[in-house]
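Note that subunit A is present in both complexes that follow, paired respectively with subunit B and with subunit C.
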Partner chain A sequence: MTKNKDVLLEINDLRIEAFSDEEWFEIVHGVDLTLHRGEVLGLIGESGAGKSTIGLAAMGFARDGCRISGGTIEFDGMELTTTSKADRRALRGSRIAYVAQSAAASFNPSHRIIDQHTEAPVHYRIQKRLEAQEDAMELYRRLRLPNPTEIGFRYPHQVSGGQLQRAMTAMAMACRPDLIIFDEPTTALDVTTQIEVLAAIRDIVDQFNTAAIYITHDLAVVAQMADRIKVLLKGEEVEEASTDQMLESPQEDYTKSLWAVRSFKSPQKLRPGGDAKPIISVQNIEAAYGPVKVLEDVSFDIYPGMTVAVVGESGSGKSTAARCITGLLPPKSGQILFEGEPLPPGYKSRSKDQLRQIQMIYQMADTALNPKVQIGEIIGRPAKFYSGLSGNKLKSRVDELLDLIELEPSQYYNRYPPELSGGQKQRVGIARALAANPKFIICDEVTSALDQLVAEGILRLLDELQKEFNLAYMFITHDLATVRSIADEVVVMQKGRVIEQGPKEEMFTPPHHPYTDLLLSSVPEMDPNWLSTVLDERGVDNIGDAVTMAIETESSGGLDGNQS
Partner chain B sequence: MSYFVVGYYAMLIGASCVAAYYSQRQVFLLLFSLTLVSFIVGIVGGVPALTFITTAAGALALAAGTSYAFREFLVLITPPSISRELKAAPLTASFGMFVILTYAIAGIFAPIMAPYGESEVIAGAFAPADENMLLGADQLGRDIFSRLIYGARNTVGLALLATLLAFFIGAIGGLLAATKGGFLDQLLGRTADVIMSVPSLIFALLMLSIFGTDLAVIVIVVAIIYAPRVFRLARAVAGNVVVMDYIEAAKLRGEGTGYLIRKEILPNSTAPLIAEFGLEFCFVFLLIAGLSFLGLGIQPPTADWGSMVRENATLISFGDITPLIPAAAIALLTVAVNFVVDWMLYRSSGLKD
Partner chain C sequence: MGGIFGLVLKRLLLGLVTLLVVSILIFFAVELLPGDIAQAVLGQGATDETVRAMREQLGLDRPALVRYLEWLFGALQGDFGVSLVSGERVSEVISDRFANTLFLAAYAAVIAVPISIILGIMVALLRNSLFDRVANVLTLTSISSPEFFLGYILILYLAVKTSYFPAIASLSSDMSFPDLLHRTFLPALTLVLVVTAHMMRMTRAAIINLLASPYIEMARLKGVPPWLVIVRHALPNAWAPIINVVALNLAYLITGVVLVEVVFVYPGIGQFLVDAVAKRDFPIVQACCLIFAATFILLNLAADVGAILTNPRLRHPK
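Then we have the complex of A and B:
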């Protein structure tokens, strides 16, 4: 097949302004971008780099409160900054399509998937309704959705997250657009599901010779998808090169630092020998939300000064296990020992000292800190509550804590959480946990909402604090890269059961439980050929949901075998 | 043709031309359409109609000017954090604040400001206005203007007290229900449902007939009628706050319910509650005025706008608008409060972004 390689989209010196505090200020400072037909351009950068804003500008669109203030956007010979609104609207959906980050939030929950799919082609009179439906089924088949003739007639909540994201990609293809903009399409998915979406997107872009802009903050993902990569920082281009070149020899320091993020690794610690007691010992707990069982026979031990990572996909019961330990969800059976003493099941019946020993750091720092309370008060409250400090002593304790999390006390003491950046908020969350002088801290996906550079800083901080105060961490995560860098022991969970546990080194060397193997092999690597290799190894139909199901039946069969 | 009419049209057309010259589209459209309308109104209604338009436009301009000046004044005297918000406030909001301030001054300083006593008989029944009596006398010969000023104190004060009590009961109940949940939530919720299912005016009339028309009884009855609405709002707002992680963190710390409500939930639910306060205040105010009009509210000889309307109602049949003045005072305050509330709602809804 000969592919047409004309220039499709050309953006010159694009400037975008945003309105804040009653004045306009520039957030994108003159970015150039050229995209040929059939080419995939990866846009990467941290949050606030302007990736999404540029992606939307490629459709001639600016969000509410933003405006395109300069530069030109030429799409297939048409200047988008000067065309009328109606002309631009005619382009969108038919010639330029957009795939959003969260398919679950972007589909209308009260219409069937196929009706939303056929809306655009019918509206633009490209196809009749029935033709469009048939075409949709064909696209579903190509994207390897199960039951392609039937799945479209379901409602969005009746299919899984990965399937929905693929259905959305199919919808974007409905009018066979020249350009698709993918805005972090796999960020909200589990690693095992991510891989099937990536494979589907790559195939379909290839088959129809569609140009694409792929926006993400995950370098390993972009390495699989893009022909060329453009790195952005604070609305300015850092550098642009072909994927191979960019991975092998990045030029700028910023790019190099992005590449080096995953280098952090804390040395592995082993369990203390002899008769050392575990600080937390979870013994055969079962838990349920009403009639729905979420944990079954879960046991693991956490020793002082060690980090135990609990991994698994969403719905595997990692966070529920944490809720049992904190006492928010009293387990139905089994018990939790703290330094050998059984803890009362509910937090209300625990003593102040027991509560103090177990602290928690949350995933979303935005909802974990009260927006109407000053930082000094947020951190000071646990210190005051547990140790009865007040006045100058309290103030100096808060200053000490702020120093520990590397925030300048005089500057942050009187500020409110919404004024801080994501990483700073997470640091305040850590300080609040430390203020109680705990021995054990539960970290619930603490880095998953943060940019990679910031996340690495948080991991380093946690590691230093562990050394200084001999803290034990229970580290809940789905990101195996984080596990590799910080964990001492790993607990793998699936469907409410612990399926494998042991020291990190053991867990990362084969042989694995098939599910662990699946998790490990689904983590994207920086090698641009990784996706192809994995697909070759596993076979196209053996990724994502399908293989998870297979392992499930296999392992439950195995258990039955043991019992008989 | 009088000079007035010539001047009227000359000014309108001149102003339209100036607006057009400086390409003030909105102003031009307004002025010129007013000119065209005036041609028709002038032919149909003659000079009095044009005088009316002039007076109305003048009053509107005066109100706008007052609002503008008052807003600038507020911006100057308030600390920077508040004045930034005030600068962005619409003129209607500052008009509302100005009116509320005027009423508050009238209410607080009534004995000093009013020329005569509240129940002082100074003239014959229904004596017309003269240089001593700005608005004439009522059916017993008392000065209506003085009673109007005292009325601000009584009616507004009573309404404020009742609203505060309703908020105290409703907000505490709602926050407790949201925080505690379970049985307490059900109990409070169903109690609120029962109270809301009885028509408020009938409920008030019933209670006042049973317990008598004491001021304390009025305040308590009105507060009980309006507390369920506040309860429902407070519970809904707090319901969104209690699911936040910081509440969970505080619970795990072992904090008591009192701390949770005071320090964690209340600061995050004040904005909608304050907006609701303004709205409820209007309803309470109207209910109390209505009760007084029916004779079950504030009792004579205490001055009150609701009963003033009733006492002087006979005058309406003679074409005198005096009894409508207390009614207008009620309407003006309601509109003013709503202007301010609208602005607050707009701010708390986050529409400004």
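Then we have the complex of A and C:
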């Protein structure tokens, strides 16, 4: 890559305010940023660090309810904080483009993909409509989308998430901008899809020598994409350095803690020998939503005190299996044993005690907790329902539970969910599950909506609780780093079937089933050369598609049409 | 497209079932009206014999169920029986009147629907501006005033004081079309004032509701000018609620015109219905009610179908 050392974007002492509770308060406190032509800068930090806000400010844009209150943003000699609205708008889409986190939500459902693509070049009179369409197809080809001449004429909902994300990158390229802001472009994707999109983005940014700001919370991803990395915390810069230097010798404590975050590992436990009974035994279950089959012949056992991680891409049936165990979705055939006794298929026909033994913790603590109910009542309700506690006994039980999740009872008892941070809410979700005194808890992607440091805290808490109460966990996740740190056994699912299962050590040592292999090798690593190495190893520059195809034919005869 | 066809067919069948239920309600509601119909028609002075004769003549001595079924099958063939007062065939008297009401409704709709949607788009674009507030206050004032009051105000200023338009919207068969439009302008304008606010505010709300969507932000970040963001990116996704409120108001234009027709002495079905109720002319009351119900159901059906057709996910299945 040839690098022109011209400065393209220069941000000085940027301050941004947000409006809340009838007053403006600062959320970005004086950030400096310099970007040269053709350079990729990684912005990294936890949620609330101001990454996206700064990214949008680089386009001279502030979301509704935000305003740029100070500092300068100079783009190619033009001061964005003082230029007219119309001039600023004229930059967007033509010279600075944006790629959003969720392509599925950021494409307009009412228009064909290619019409949205050609909108900017036609608007700026760079190309005629038909020329722009030709160009779109060329970009689709370069981004290795299947059927590049045809795919643009579909509507967004007719195309898969990974393909849409690539189509959005193509759209950002439509006017050959000088700068693209990538705002968490792969966060919503499965690892196997993520790797395709990462390779495509890196490739095309390289081909056109476009400068980019790559915003993410995933260190391993940013290590693949960026030349330099800037770490942000609560609207302030922590440090900035070249990618190699940042990975090898981070200076600040906060950066070091981010780097060390995946260090947590609970010792692997093995199944009890002899005639120990599994606490949950799923036997040959088959399930469907209406006519759509989603599970076929799924069997696995979970023993007391152990953590079984169920992994797979979205649509693989992980959550459906959990719904069958809880009785929310009665399986069509097969049965589920609890300590050797068959459970009635539907939750309505289960006894209170059977219901009590199986509890759930959800991915989105935000939506899983009623925002209008106090924490004490949220936790107290299952304690009252299942154990019949009331009055002082109930109060002391709730206090005990709050102590367990390390929230000071006197402080949190009367608070409401929206007053809590994401990690605290998830802790409340855990306490609510514990309140029933269960032996088995299903954790459905409990850490995937959380920042890494917070997620680690939750994993540690779950691990301690397991030791204390001999709980069994079914841990649904698509994040293999989480699996490494907490699982004892692993079940790999694909398209409604169990592909492979066994103890964790075994699963992480070859030989694997090819799908497991694909999953494992797709997880980004902190090595900046990881992406190139994987692509080399797979022997194709068209990653993903080729490999996925190979596996699909191998395990064909599976279920169709459940990936919607 | 098979999926859409199925959906539409399902809605259509549901509409028919609703209409059947409504027909039962209408028939037996009229049946429950206090007092004997024959007695009411003949007046206080009628002897028992004449009342009995009248009852027989009307078939009122037979069981209600039998009469309902006869009435229903008649209605299916467009025969609503005979007026008790004039002895004319109900279907013949009503059809002219109904055509007049439809004309007035269409007249008002042709003005009101485009105005409301365009105003709705403009206030969404200029939200929280002076224009937005003024438009809101004016339309809210017009919707909050009783329609007879609006009618009389319009008569006062546009007919009595200035004589731009006639105060009475009577029709004759030899009027030319421009004449007709001129003659019926005031009642149409009254109706426009009544329905515009609702449709405009719904258009505004439906559009503003979408402005926080990521795809709207994406459009803005592509440099699309604000009015195009609204017209091209928000409006196509806002049609479903707009169509629904338009259908509701169209139905109101047909079934809710009673007062306006009375104020302007317009020979529509609403005024006819009021007369018939006063005279206990129950075949006409039943026919009018059934027509109103069918209008409501039909327009709501059209709104449902419209909402389905504007949903790209249904229009372009995977």
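Just so it is clear, the second predicted complex is superposed on the first by the 547 of 564 C-alpha atoms of A that agree within 3 Å, B and C clash if a C-alpha of one lies under 4 Å from a C-alpha of the other, contacts with A are read in each partner's own complex, and residues count from 1 in each chain.
Following the convention adopted for this analysis, a residue touches a chain if its C-beta (ideal position, glycine included) is under 8 Å from a C-beta of that chain, and two chains touch if they have at least 3 such contacts.
Just so it is clear, the structure is predicted and the values come from calculations on it, not from any experiment.
Contact with subunit C, but none with subunit B, is seen for A:109 once the two complexes are overlaid on the shared chain. Of the two partner chains placed by superposition, only subunit C is touched by A:92; subunit B is not. Judged by the touch definition given at the top, the superposed model places A:283 against neither subunit B nor subunit C. By the touch criterion defined above, A:326 reaches subunit B but does not reach subunit C.
In the overlay built on the shared chain, the residue A:385 is in contact with subunit B alone; subunit C does not reach it. Legend: residue contacts after superposition of the two complexes on their common chain; A:335 is shown touching neither subunit B nor subunit C. Of the two partner chains, subunit C is the only one that A:124 touches; subunit B does not reach it. Common to the subunit B-facing and subunit C-facing surfaces of subunit A are residues 64. Per the touch definition, subunit A reaches subunit C in the complex via residues 56, 59, 61, 63-64, 89-94, 97-98, 100-102, 105-111, 119-120, 123-124, 154-155, 157-158, 171, 564. By the touch criterion given at the top, residues 88, 244-246, 248-249, 251-255, 263-264, 267-268, 353 of subunit B touch subunit A in their complex.
Residue ranges on subunit C touching subunit A, taken from their complex, read 212-215, 217-225, 232-233, 236-237, 312-313, 316, 318. Interface residues of subunit A facing subunit B in the complex, by the touch rule stated above, are 22, 64-65, 326-328, 347, 350, 352, 355, 358, 360, 362, 364, 367-373, 381-382, 385-386, 432, 436.
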